[in-house]
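Two complexes, one shared chain (subunit A), two partners (subunit B, subunit C).
Right, the complex of A and B next:
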């Protein structure tokens, strides 16, 4: 604080400039704090949605693995593995972005996660309907996982911005504004001191002039 | 002085996510891809289910007067955590959603209510930071 005060020139001009800087810093601090509060609301909302999405994704995955176990038991492990190799693996995901308070947040849209039996690509002649059930369950799980990925990436982006904003708010609150206020106080006190010095000097001169006359 | 420039830049960036022009609910409902262009050039899309919720909440006569996105104004003068909604139709819609009574053209809401509004209308509402 002392170092900041030492470099300040104690003039009225500097005092006015400092007052403007304090007001700008205070305004910035208030607005950034509002932004931080809004980001906290968004962050907690996303966390809540992540919790829900994760629960439903895990539930769906457990159903899917159960269906896969049944399929392996009925069709046989080698046949199931063979069918999985034959299946089409492409999934079209449209990745776009949207903004939450200027933060770029990803949006993942899957046109069609659940495919028809013919679209899956494996042979219908050599496979059983339990494989269709297992595939359907896994496709549903995939849709939920894509949604979960979108939410988790959004949470990460919001958390990064929250951290940045918090650092700025703290820098303003604990470093910049107190330094500016200290400098302001120093100049005001120095100017008062100079005024007092001037006043006593004038008094002294007046007394000397009166003594001379 | 560099700090001041950084601060001014930060403040100027606070509202870049806001749209260049807001569209009415009626316009949004008619559109195949309801969206608005933001000041930074990005596109902000509205979810169809939110538009349907608003359409159910507000009488049809008001659809033309309800402009989207609804702005949640965060003004440091109001105090920490308080927000303001302005506009007759917008106030009516948010009051209905929160089951809260407001004045004709202005509604003050607080942090838990902001969270509820954002939860129900994540794409059809946006934050507006009001510089002091």
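Right, the complex of A and C next:
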């Protein structure tokens, strides 16, 4: 801090400039702080939704694995894998972006994740109905996972932004503003000191003049 | 815009998601291969979502984390449990909260 003080010249002009900078920094700090608070609220809202989405998605997923195990057991592992290779694999996820507090967040949406038996593409003649069950369970799980992925990605994006904002707030609060204030104080003291010097100098001159007269 | 879904996992995981309509599947065998595949998937246009099982993500370790940190906005990468239901003991989100919000981590407990 001493280094910052050393470079300022103690003039009235500099004092005025510094005062302006301090008020600007203060305003910036307040704005960033508000942004940070808003982000934190948003962040926790998303975390709450992740909690819900995750529970249901994971439950559905374990159900799907169960159905697949049953299918492998009844139909045979190789046949199941074969059917998965035959299946039509063209699921499309609609991706768009939206803004949360100026942060770009992807939105994932999936239409018609659950297909009818005929749309799945594997041969119905050679496969068992347990395969249909397994497919359906996995389609459901995938639908839920897509939503979960969107939420987790949003949380990550907001967290990144939050970190950045926090760093800026701290830089202003703990470095820039104290430094400016120190310089301000230094100039004010210096100016006062100069005034006192001048005062005593005038007194002395007056005394000398009176003595000479 | 429509995007495809990719899955990296063990045989059962990939079988299941292939049945559900995932377009790209990669069965994990060797670490190097999977890493190469992952970066290929992340660089491919037209993939919107990459699912990877927790156990594989953990096996890939630091390289995996670097890959998702440096990726573009898309595809979104989501880690899922595999057949055994394996989830890492330390939740990545929990870590994220700890880092960003500091002391307010308790709120997570009621959120699930």
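A few comments on the model shown:
Here is the rule we go by: the second predicted complex is superposed on the first by the 213 of 213 C-alpha atoms of A that agree within 3 Å, B and C clash if a C-alpha of one lies under 4 Å from a C-alpha of the other, contacts with A are read in each partner's own complex, and residues count from 1 in each chain.
Definition applied: contacts are C-beta pairs under 8 Å (C-beta built on N, C-alpha and C of every residue); 3 or more make two chains touch, one makes a residue touch a chain.
What you see is a predicted model; the values in this text were computed from it and never measured.
After superposition on subunit A, the partners subunit B and subunit C are accommodated together without colliding. Legend: residue contacts after superposition of the two complexes on their common chain; A:44 is shown touching both subunit B and subunit C. Using the contact criterion defined above for the overlaid structures, shared-chain residue A:131 touches subunit C, although it does not reach subunit B.
After overlaying the two complexes on the shared chain, residue contacts for A:21 are found with subunit B alone; subunit C is out of touch. For the combined model, the angle formed at the CA centre of subunit A by lines to the CA centres of subunit B and subunit C equals 120 degrees after rounding to the nearest 10. Contacts of A:169 after superposition on the shared chain: neither subunit B nor subunit C is touched. In the superposition on chain A, contact is made by A:34 with subunit B only, not with subunit C.
Using the contact criterion defined above for the overlaid structures, shared-chain residue A:8 touches neither subunit B nor subunit C, since it reaches no partner.
Once the two complexes are laid over each other on the shared chain, residue contacts for A:99 go to subunit B alone; subunit C is not touched. Touch criterion not met for A:184: it reaches neither subunit B nor subunit C. The larger set of touched subunit A residues comes from C, when the choice is between subunit B and subunit C.
Figure legend note: subunit B and subunit C, brought together by superposition on chain A, show a least Cα distance of 12 Å. Subunit A residues in contact with subunit B (one complex) as well as with subunit C (other complex) are 44, 97, 104.
Against subunit C, in their complex, subunit A makes its touches with residues 40, 43-44, 47-48, 50-52, 54-55, 58, 61-62, 64-65, 68-69, 72, 80-81, 83-85, 87-97, 104, 106, 108, 113, 115, 120, 122, 131, 134-135, 138-139, 141-142, 145-146, 148-150, 152-153, 155-156, 159, 162-163, 166.
Within the complex formed with subunit A, the residues of subunit B that make contact are 3-4, 7-8, 10-11, 13-14, 16-17, 38, 40, 42-45, 74-76, 80-81, 111, 114-115, 118-119, 122-123, 127, 129, 131-132. Residues 1-5, 11-12, 14-23, 25, 48-49, 51, 73-74, 76-78, 80-83, 85, 93, 96-97, 99-101, 104, 107-108, 111-112 of subunit C are the ones touching subunit A in the complex. Against subunit B, in their complex, subunit A makes its touches with residues 21, 24-25, 27-28, 30-35, 37-38, 41-42, 44-45, 97-102, 104, 168, 172, 176.
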